[in-house]
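Structures are listed in the sections that come next.
You will see chain A twice below: alongside chain B first, and alongside chain C after that.
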Partner chain A sequence: MSTTIAPMNILETQPQTPAAFPAWFSDLQQQAWQEFLTTPMPTRKDEVWRFGNLKQLNFEGYLDEENTQTEISTPDLPEGVICLPLDQALESHGELVKEHFMKRETRLGSAKFAALHKARVKNGLFVFVPDGVRVEQPIEVRHVLAGDASASFPHTLIITGKNAEVSVFDHFSSANDDDAGLCVAVNDLIAGDGSKLTYCAVQELNLTSRMIQVNATTVGRDAHAVAFTLNTGCQWARNESISRLDAEGAHSDMLSCSIPTGTQQYDQRTYQHHAAPHTNSDLLYKNTLFGTSKTIFSGLILVDQGAHYTDAYQTCRNLMMEDTAEANSMPGLEINADQVKCSHGSTSASISDEEIFYLRARGIAPRQARRLIANGFSVEAVERIRQERLEELVLAAIDRKFSTIS
Partner chain B sequence: MSYETTVDPVDAIDAETQVAIDVDRAKGDFHFPEKHKFDAGVGLSSDTVDYISNVKDDPDWVRAFRHKGLETFLNKPMPTNWATKDLDNIHFDEIRYYLADGQKPKRSWDEVPPEVLETFERLGVPEQERAFLAGVEAQYDSEAAYSNVKEELEKDGVIFVNSTEGLKEHEEIFRPWFGKVIPTGDNKFSALNSAVFSGGSFIYIPKGLKVKHPLQAYFRINSENFGQFERTLIIADEGAEVMYMEGCTAPKFESTTLHSAVVELVAMKGAKIQYVTVQNWSSNVFNLVTKRGIAHEDAEVRWIDCNIGSRLTMKYPGVVMKGERARGEVISIALANNGQHQDTGAKMIHAANHTTSNVVSKSISVGEGRATYRGQVTIPKHLKGCKNNTECDALMINANSKTDTYPAITVRGNQHVTQHEASVSQVSEEMLFYMQQRGISEAAAMSLAVNGFINDLVSEFPMEYSVELKRLIELEMEGSVG
Partner chain C sequence: MSLVIKDLHANVEDTPILKGLNLEIPKGEIHAIMGPNGSGKSTLSKVIAGHDDYTVQSGSVTMDGEDLLELDVDERSREGVFLAFQYPAEVPGVSNANFIRAALQARLPKGEELDAVAYYKNLYSKMDVLDMDRKFTARAVNEGFSGGEKKRNEILQMMMLEPKFCILDETDSGLDIDALKIVAKGVNAMRSPDRGFLIITHYQRLLDYIQPDHVHVMSDGQIVKSGDKDLALELEESGYDFLKEGELANA
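Let's turn to the complex of A and B:
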């Protein structure tokens, strides 16, 4: 039976799980829909929305349409590696998806929208790398949003087995400059014992679009996870990133570069959760602000009781390129254990006259000099991805952004 | 999940330490039977406010101010969306809001009632006055029992009175600033203070006068279930300089006690105010204090703050830098022992060009104590050349000690420099080993290491205080080695 279904309003119409998906997934989506309806909207009183722009959360009129094109290009994959669009994985590897799909609590403010994602997700990426298998080159995923007032809910689920290794590049762009898109993305990154998982997201949506990205990383014993986000697009983007260090020897790098211009606003919240002793996390967020743009960084390092011998670092640096930009920083610590080394730092400053003078003395024009310095400022975070191809892709996106700035 | 912890926090405080701590607390842990002529009863209503106004014979505008404060207090929610839930354990209807023996503070210790005199003698107040102070006010429950300032200062035009007298006798000086630095609706507790305030110091330093010796106020709670709500306003006129010190103690009652003060400082052009606090309330006191200063052109406001006592302290001294080149500073030491939560910090509002602020905060968590730093730095639009430096260091002594840091920094524009740094650390094994190897006991080594940690800040306190401070911290630390 085929009838034409009218496009569904994302806030009002009950989601319909495709019939091909397993029953548990359909139940989960219905449950999530109820959760979305009953979870209250964030208010000004919520600490996790401090300085945030709640007006941007008005998603009235957005439709749940299948307009987004997702293209997955894979390198030569060793045997046993599963890399599929999420819908196919649900059919062929349902149990594996079930075990890890959105198991973590969304605690940084967007629980309502994570529930909306859960209720409406249909596409995305599923990667599973079995024990001991290494994928050398990154898996590259490109999402192209199309359609005005059209919403998309891509999901990325990456699981690495013991001593496995994989890297994933996730790219978000718009089909044209005018369609106001909405992207509510959720990532689950599960790094098994001794594995290395690198995830790199580049957000280059058009200036009428909005994005919420919720990232949950779980790092196992002696595993190493790297999560990087570049923001250059969107009128407003919110990133929430949680990294939980679950067992001894776990290491997490949380990295980000944002280059807002004009009236763009980026709202980033992070959480480094040390749930076991002898764990290590290192966060570096770099913002380069132009025009009347605004950034918010709110980070928290939580060291659980008993998680002794933790090393946790958190740094947010704001480079103020113009006198009208605004940077908000809230670097936080909550330490409940002993024998920890924790520090955080936050700075806001502009390029000094000496730096410009140095470059000008070498015949570089002031405009070029400023761009070089700003570029170098971002590179410091990029080079910590430590994967050649990913760094190349990110640097190209940074160049694209700088070329739009006169 | 559970992990092995090396030290049981209860065992960590051995009997010897307990004695040491008790000895320390005993200094303030005594009280005399109550003999109050004026008692506003238990609980808070507009009748309570009227009672206080009647007893004090407030002018109409002060009475109206109090009623507005009460209304604001009742309408404001508890700030538990960001603050500790422990605030819900304050039962406002069980507190006594006004207890006093009389209105007029005595000018001579000889006239002070014997038990009040004995109280302050035991706390060493008259002795300190003779030794190095320019003026003293000693508050006993709701009102000052004693207030005196050196004659020559009075001749120079220094005003040093309590809040009632300040608003009545010197309205033209104090009214323009009263409630202006901290408006009634600033927060729930500043509103409560506005409704029931009593006591505190109103100080005016005339133009160009540099007061050489510090002025001091001592706040003493003697009665159970009592809330102390003093209100202080210090105005340093152009080019004037003053240092003000406050100390406080209370006996350890079974039930909790509330102390909620409002302190406003006004530093006119080129003036300098230093405000020193050594807070050593007993561990049943909720200490919820709002402190803020305005610094005009070239003026400087410094808060030097040490928190050792209380059950919960929430105190974030602030400076609004209103004039060009104004300077604000907060130097803060906090020590949180078992059952204590020191939630302290700083608030720096830059409102003019080339203003600079500095925050240095050091906290020590012992046993199961929790130390929190909460800070706010704001640099609004269209300003240039503002600078802020914030450093917070936390030292954790035992396995179950807790520490948090929650700064918030907003910078608009590219002509400013801000930096914030925080670190958390322990006393290193090597350091202890080094000292023990030279025959210093482990406890003494720990105490030395802790004193080293805060040493550069302790030297900011007046000498007489810094000696006392070191001794207090030594006592609190003893035997807490894990």
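Let's turn to the complex of A and C:
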């Protein structure tokens, strides 16, 4: 027998784990709820919220409703691959979920909201690819948020076995232009030894919505993880991305494109954690800013003691399409090992007059010339996804954004 | 009908560079301009193309009677003016094929779409003339191209856009003899009774492969001497010293 539960205020009402979920999960959610209640709100003094807009963290009045429609489309899946909505996976593969679900601490500032996610998550995606199995085409997931002041907590958990391969596309959009949605998403990407895991998130929520996305990638021996995020929607979005290189030969590509317009704000914090020698991470974040929009990039490379022969690169580039926009970049590194190759850098530049002139000298009108160059600026990060279908989906979303700009 | 430049004066900021330049290039002819560094050759090419850094103080530039100076850079291009740059810009993230396609698309009436199949067929055939590898279609415009590759790419664009009037600004600089021959081959393939060329060069070498109808010498913002193709050979032989002698004579 089921009873209809009245919508719950996400900040005040104790979450109710569906009865069909395993007991351990229910316990975990109750613990997480206590953690949420006891974890203090971020303050301006927190280094990880520097330049951040704390006013955007007022989620008063948001309700935990099941309004989000999640649609999963899968290619032909080889035998042994598990690809299920998270709720079904909890019922049928509870132990496997338990082993990996939110095992990593959130250290980039949103611990309170990650706890809220953990306490309230009911749905999402679970993917497990067994050893040696390759899924050629991406799994595509589309979350459509609906309902005013409605909160959603989608979770994505992807695990690849030894020498396995998979790619996942996660798309966030709104059912209409007006409903102010809140999306607090967490993804755990666990790339097993020798595997290739590609994850691509595209955020196209409406301009009244807000999003927090916390990404935790763990890369095993000789494994290669690629995590890409595109932001074009939301009034405010915060992305936190951690990649931990756990064993020799691990490689992580951390990529992002953001195209804020009007008064949109994107706040991005990253962490490249080299926990083993002979590991490689390469971060490229590209922001194209219009109007009075604002971006924040804060990145840290940490090379642990003994993680010798590490290669770590971190680049944030801001293309200022108008001088009224504001881009803040705070690159950083902490190295505790030898024979390390690290570089970090951030640049902010206006669109080059020389490039514009060159395009115009071939007959391309100024507006189209600017669009081509701005698009090309993003393409440099997109083409590092190196998966044709994913690149196509991302480029289409970028195109949709540019077509709204006059 | 032709390109006509009359008493053209142009500045960079407050510095006069062109000081009353006159030149007429009828359709079907190739004119070469030679001259020492700083004589204003490149400025002339930029002024015709419509670069913002140069302000025209007086004079006129018309193409087939149309006042080019009234038009924006991109409008001039669509009207048929083409400048092959001495230093072409690199445009990261924009593939060469998409760039040239956008340039052709810009010439079509609103709502009309370029035929992609025909476009690539045309592009490949032009690339074959210039001995360009197909991989250049996917590469970002001029990014990481060698000097010679950039110049070939300029000629490729010229061949694709089929302009009425072409200016080649020191296209031969930095080219080895093989690349020079290929570039010349592209230009010669474009020669037509309907098309005029202005070739700016330091060296006579290029003119061995592209035979000009007229050669002009530019100095201090003016055309100071004109002749046939033999003038280029003379200059190669004796240099520009005669200009200095002229100055001395005036002093």
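The working rule: the second predicted complex is superposed on the first by the 402 of 406 C-alpha atoms of A that agree within 3 Å, B and C clash if a C-alpha of one lies under 4 Å from a C-alpha of the other, contacts with A are read in each partner's own complex, and residues count from 1 in each chain.
Quick note on the criterion: a contact is a pair of C-beta atoms (placed from the backbone, for glycine too) under 8 Å apart; a residue touches a chain by one contact, two chains touch by 3 or more.
What you see is a predicted model, and the numbers here were worked out from it, not measured in a lab.
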item	value
Clash or fit, chain B versus chain C on superposed chain A	fit
Partner chain in contact with A:362 - chain B first, chain C second, else both or neither	second
Which superposed partner A:373 touches (first chain B, second chain C, both, neither)	second
Contacts of A:220 with chain B and chain C, given as first, second, both or neither	neither
Partner chain in contact with A:194 - chain B first, chain C second, else both or neither	neither
Vertex chain A; arms to chain B and chain C (CA centroids, nearest 10 degrees)	80
Partner with the higher number of touched chain A residues, chain C or chain B	B
First, second, both or neither for A:354, with chain B first and chain C second	second
Where chain B and chain C come nearest after superposition, their Cα distance in Å	17
Residues of chain C touching chain A in the complex	49-52, 72-74, 77-78, 83, 85, 88-94, 98-100, 102-103, 106-107, 140-141, 157, 161
Interface residues, chain A side, partner chain B - complex	45-47, 50-51, 275-277, 304-308, 318, 320-350
Contacting residues of chain A [partner chain C, same complex]	352-355, 357-366, 368-369, 372-373, 375-380
Chain A-touching residues of chain B, taken from the complex the two chains share	1-7, 81-82, 381-382, 394, 396, 398-426, 482
